[in-house]
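The block underneath contains the structure these notes are about, expressed in structure tokens.
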Amino acid sequence: ADVSACLITKTDTNPFFVKMKEGATAKAKELGMTLKAYAGKIDGDSETQVAAIETCIADGAKGILLTASDTQGIVPVVKKARDAGILVIALDTPLDPIDAADSTFATDNFLAGKLIGQWAAATLGNAAKDAKVAFLDLTPAQPTVGVLRDQGFMTGFGMDTKDVNKIGDEDDPRIVGHDVTNGNEEGGRTAMENLLQKDPTINVVYTINEPAAAGAFQSLKAVGREKDVLIVSVDGGCPGVKNVTEGVIGATSQQYPLQMAALGMEAIKKFADSGEKPKPTEGKNFFDTGVSLVTDKPASGVESIDTKAGMEKCWG
Amino acid sequence: MAQEPILTARGLVKRYGRVTALDHADFDLYPGEILAVIGDNGAGKSSLIKAISGAVRPDEGEIRLEGQAVHFRSPIDARKAGIETVYQNLALSPALSIADNMFLGREIRKPGFMGQYLRKLDHKAMEKTARAKLTELGLMTIQNINQAVETLSGGQRQGVAVARAAAFGSKVVIMDEPTAALGVKESRRVLELILDVRSRGLPIVLISHNMPHVFEVADRIHIHRLGRRLTVINPKEYTMSDAVAFMTGAKAAPTEPVAA
Amino acid sequence: MSEPTTAAPHHEYEKVLKESSTEVASFDTHDRTALQKFQHFLHSSPSAVSLIVLVLSLIIFGAMLGSKFFSAFALTLILQQVAITGIVGAAQTLVIMTAGIDLSVGAIMVLSSVVMGQFVFRYGFPPSIAILCGFALGALCGYINGVLVARMKLPPFIVTLGMWQIVLATNFLYSANETIRAQDIEATAPMLQFFGNTFRFGGAVLTYGVIVMVLLVALLWYVLNHTAWGRHLYAVGDDPEAAQLSGVNVKRMLISVYVLSGVICALAGWALIGRLGSVSPTAGQFANIESITAVVIGGISLFGGRGSILGMLFGALIVGVFSLGLRLLGTDVQWTYLLIGVLIIAAVAIDQWIRKVAG
Amino acid sequence: MAQEPILTARGLVKRYGRVTALDHADFDLYPGEILAVIGDNGAGKSSLIKAISGAVRPDEGEIRLEGQAVHFRSPIDARKAGIETVYQNLALSPALSIADNMFLGREIRKPGFMGQYLRKLDHKAMEKTARAKLTELGLMTIQNINQAVETLSGGQRQGVAVARAAAFGSKVVIMDEPTAALGVKESRRVLELILDVRSRGLPIVLISHNMPHVFEVADRIHIHRLGRRLTVINPKEYTMSDAVAFMTGAKAAPTEPVAA
Amino acid sequence: MSEPTTAAPHHEYEKVLKESSTEVASFDTHDRTALQKFQHFLHSSPSAVSLIVLVLSLIIFGAMLGSKFFSAFALTLILQQVAITGIVGAAQTLVIMTAGIDLSVGAIMVLSSVVMGQFVFRYGFPPSIAILCGFALGALCGYINGVLVARMKLPPFIVTLGMWQIVLATNFLYSANETIRAQDIEATAPMLQFFGNTFRFGGAVLTYGVIVMVLLVALLWYVLNHTAWGRHLYAVGDDPEAAQLSGVNVKRMLISVYVLSGVICALAGWALIGRLGSVSPTAGQFANIESITAVVIGGISLFGGRGSILGMLFGALIVGVFSLGLRLLGTDVQWTYLLIGVLIIAAVAIDQWIRKVAG
């Protein structure tokens, strides 16, 4: 009869997840499914996600789309859901281990970081080896997305990441420091101020997402350095892409949450109809929904799209 | 006496949940007199004066001041109408200074621009007046008018509360057991103060359990029992034994309340 | 010393007292209306209001959602979902009954669970010892709170606010933000997941965590109502000075309450491992708010000395019922938060109204 | 009299910040007597009995009970030693029942397993005893021994506090202004109770500002002034005027304290 | 009525009072030690402790970090970073001085800023009107808090806990989580960013936000100390019943305090737009904790009636100095949280100590 699905996101306050929910809702309507959306209270709130999965089991859902806050911690309850015959698809963030979910539709966050790292290095050219880089990360708890993007950037920029699962153990002299932003403007501004005070010669800023980048830009503007610092970011939301157009952000790695959600919904529909589970992308252990670098200043050796194309695919 | 009462209450009722603290209580206060109110614990004496002074709103009944019906919604209204009260628990703010406490709710502002537009208080003027009032009443020697009230002894606090009422009461001064916790010496001072206030022409309502004190200073005695006025007696016509007998129900009271 | 005969009253007037009437003030005797009787009943049984709200909300959601909600499975699911809040809420109840508040419960819970996990996986302790260490840690944190509150007379709000930050920071520094995976725990130290075990009858699924919560609340109910310690706790919350003067060792009581609160938080930490399967240093961030909400909706006075721990349990269940019910209805999560906010205010407003009217 | 004092204190000193409440105060209580303590407000009477009953720890000085030096660290210690106190502010827990209050800190446990291992209280036994004590003392008619104390009137509360002290005191009973807020009738009851307790052989310390009451019941009167014992007088040898004069410093006191 | 002459005392013994001595109890007159004098000074000036701590921490970090920290630029940067906390802290101070607490300050701030932004961008209001609407909203939220606390006599903790959830949920539902970009605001309604404007002299950079914070605190200091309203606020916090009986309209005072708190939160919301450039519904999540922390470290009593608003400002600055200093030292953020936790407890412990010793 009626196919019902659940979408569980980390929060319902981050535009990224809001768009994901919109995409899923639109697709559900198109396919005639019912969709219930849940979210944690803040990033890192795993218990609410556990409760949400349990609710989906009680609700008799056919499938769950999940962006996990705690990729390891959530595994037992995901297993419970799968045991109850529910298709669990990890969206955006792979579980740990990745095969804990039936399937994963995700951006390669490491690649997203790597792309902006490469672009920044290529844009600076020779100056890259004397660059002063500031890292504006997510939260003190170092969630996996944050780690992947951060360490991806370092890899792309040509820094030694040491333990690739840990932020802050590097000793590359070009790293001015890491600070946390909570992924919003407020945190971005304060973190940027702190790092600028630590070293006023910063000329590259890695940011976890575009709101943090916007905050960092305000801070640079306040000291009159908005023109000579390169800000790179990840997300590809419409305000973010607009900021790339206007030169606030140099380049951003665009993800496709709407697509992730839509693909996920289709997979659930298919599973409900035929019992068939989605297959991962060739050569990867997850279904890659793709990431593209958006910039108006393409750098050689790094594939990118311009902001016009970016605006067409942006999500909020 | 042909004089009209300055303050009257008729048929006051106040219920607290299942307790009826006032049960159609009447009350009359004549100009220039000291009216004592006596009664057992829980008879409703404090409730009566709280109703009269606006601290609680009676459920029924009416209050008249100088013949005009009044409806006090708070002690502020009563104070504006000239009724000053010393409550059983004193009602002082411990952390504020003596001067602040005396002028609470009737602060003096600076003259001119500062006072009118910036509403700046005239601390100096208030301190001066407070010191003058305390000295005038000869009540006690307080070194520093800016001392916080919490640093004063019980007797000194009682003094401040009484002085405040005596200084600002323009029509009626009410005192609820002003000497309950006081020593012999301190009690005597308060009694003298009460007589002092009367000699300035103000009528006073005095609640007390101390019969000798009551018979010493009162012009009339209002006997309260089971939430209502039982009778009013003239202390010159009855003995303390009579009063206590009426108050505790040991003897039937004279039915007709006597006038002052 | 000469044994005097009963002395004669000094005052003549006191002699008349012998004849004094023994009448007492008359109360209104008019028959009380049904509403007033109901109010009186509510007033005399502090957890009745929350129980009624709980039953009503069960009925309403049951009517709206049918068997999806009103099934053994869904109802026991609610129990599972509130188990942690219920255990932490029990700790919070004890502290709030002493007119305090414990903002550090969530942090202590998480740090205890991290210690239990890391002591096994980092240092190779046997699980039973590691669990004991977790409990010891909870007790220690509680003890520090208790000493600061009881001996140094600092306000509980501030002490536990500071403690919260300290413990949480310690938690992140110590754990290095590392989650211990469920699979590893299952393989090495299944005892840590003890409270995750379930037994079922029919559709009902009860975890050991649920059982321990119910047992804990029952035990504390007994202790609060039927032992001297419990009566002393009420007395301390009511008026600590009076309690001290009438023979209660207030400092020792306060310290014991905070220590017990810490121990219960450690228990919650253990149960948390059972619920999540894994040990996660980021868990339990809302345990403070949730436990306080449960206590408040349960009709326990923040001023101390009044209320029943059963009310806390009902309060937690009310939140659980609303959360699950609204989720199953598919409303936006934010509406749930909004409703719980309204519920909190409504709960105390009703409580205040009962107190006022029933006098 | 050759008897040894049951309770003595020597050289007690207690400072509160910059106030010295007790300034080398002495104290003696003899078996079976009623010792009244009188003094101005703030003379240090309450501080004295708080020191004796363990409610505050004196900075200096020593206390002896039946000749043994004692160091009470809390009122619990004093109670265990047989000293029961009615404090000026009563020290009752409003939300607890009368029975709970009377047995606070000395609860009766059930016999057998329940009591010993589960530490279950014997509510029945406590209620029975509480009712018996209240009835025995003929103090008042309380309908329901499980009533919360906050629902009682001031006089009834005072009764519960006094009854508790009288019922459990095995060596000494101390009462700090037990009649301050009470009415005529209620005060009389408390005085009768005090005489009652003495007739059971217990010595009593009574603090009061009411001279007639003091002279009526006291065997000896301890006069406290400026933080120390000024003198002890026999009420049969001195008049109230003398006592008040000593107490307020109007007359020099007899230097040698008289024995009981 | 017969005017009686001064009545004669009934009791014979009262006649002797005329001769009674006027001596007063002797105080210890031994010279006070320097430490005691210092304690007395601290006791008589409530914000002195926090000022001293502030200066000390400036000196220590300055010594460790040199000109990186001890420059006009860095010091004014701290001011910029604490501007929002300082403004919200002013609101919190007013509420806490009435012995209340306002957990909804952060939520009201954010919702106000969202309303200011959305009214321009969604409905096309002129910025000035939109800002007025934001202020009106802040006042409304404060008014609801105030009515619930003052008229229904509900505990402030619970009222504002509920309000917090309600306002925050409303914020997310209304804003649909959409950020308004700084560039758009700059183009359409630069007035919203008013408080982001700066002026500089030398290395020092002051935003209008910093200026308004300082002016606000100065204004409130004046109001609290030199107007009747301020004295009444202290009286209400001290003992509301006594204040009521001695002529303060306590209900009106409480409502006015909560309304003012709401209005100040709206001001903070406006200043927040200035600081962030953009309007972000996810901002201000820590404003509650931060403002309470500033108040507590500033030596303002949670029991009401005591403390100075200047202390709050120093408290906020202390947190700012520590945060920046520790960041510049390169320590893990968690150490900052840990230290602030310790600082909170230490602040009240010192306060308690001073009170105890200075008596």
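As written, the chains take the letters A, B, C, D and E, and residue 1 is the first residue of each chain.
Quick note on the criterion: a residue touches a chain if its C-beta (ideal position, glycine included) is under 8 Å from a C-beta of that chain, and two chains touch if they have at least 3 such contacts.
As the structure is a computational prediction, the values presented were derived from the model and not from experiment.
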Each chain counted as touching subunit B and subunit C at once: D, E
Remotest chain, subunit C as reference, centres from CA atoms: B
Chain centre separation (subunit C, subunit D; CA means) in Å: 39
Intercentroid distance (Cα basis), subunit D paired with subunit B, Å: 32
Interchain centroid distance [CA atoms averaged], subunit A/subunit B, Å: 73
Residues of subunit C touching at least two other chains: 11, 13-14, 17, 20, 172, 332, 334, 337
Residues of subunit A touching at least two other chains: 12, 42, 140
Touching two or more other chains - residue numbers and ranges from subunit B: 42-43, 184-185, 211-212, 244, 248
Of subunit B, residues touching subunit E in the complex: 1, 3, 30-33, 55, 74-76, 79, 85, 87, 89-96, 100-101, 104-107, 109, 118-121, 123, 141, 164, 184-185, 188, 191-192, 195, 212-213, 215-217, 219, 260
Subunit B contact footprint on subunit E (complex, rising order): 1, 3-4, 6-11, 13-14, 17, 20, 22, 222, 226-229, 231-232, 234-235, 238-239, 241-249, 305-306
Subunit E - residues contacting subunit C, complex: 148, 152-155, 157-159, 161-166, 168-170, 172-173, 289, 292-293, 296, 302-303, 332, 334-335, 337-338, 340-345, 348-349, 352
Interfacial residue positions of subunit E with respect to subunit A in the complex: 68-69, 73-74, 77, 80-81, 172, 176-179, 181-183, 196, 198, 205, 207, 272, 275-278, 280-285, 323-324, 327-328, 330, 332-334, 337
Residues of subunit D defined as touching subunit B within the complex: 39-43, 153-155, 177, 180-187, 209, 211, 244, 247-248
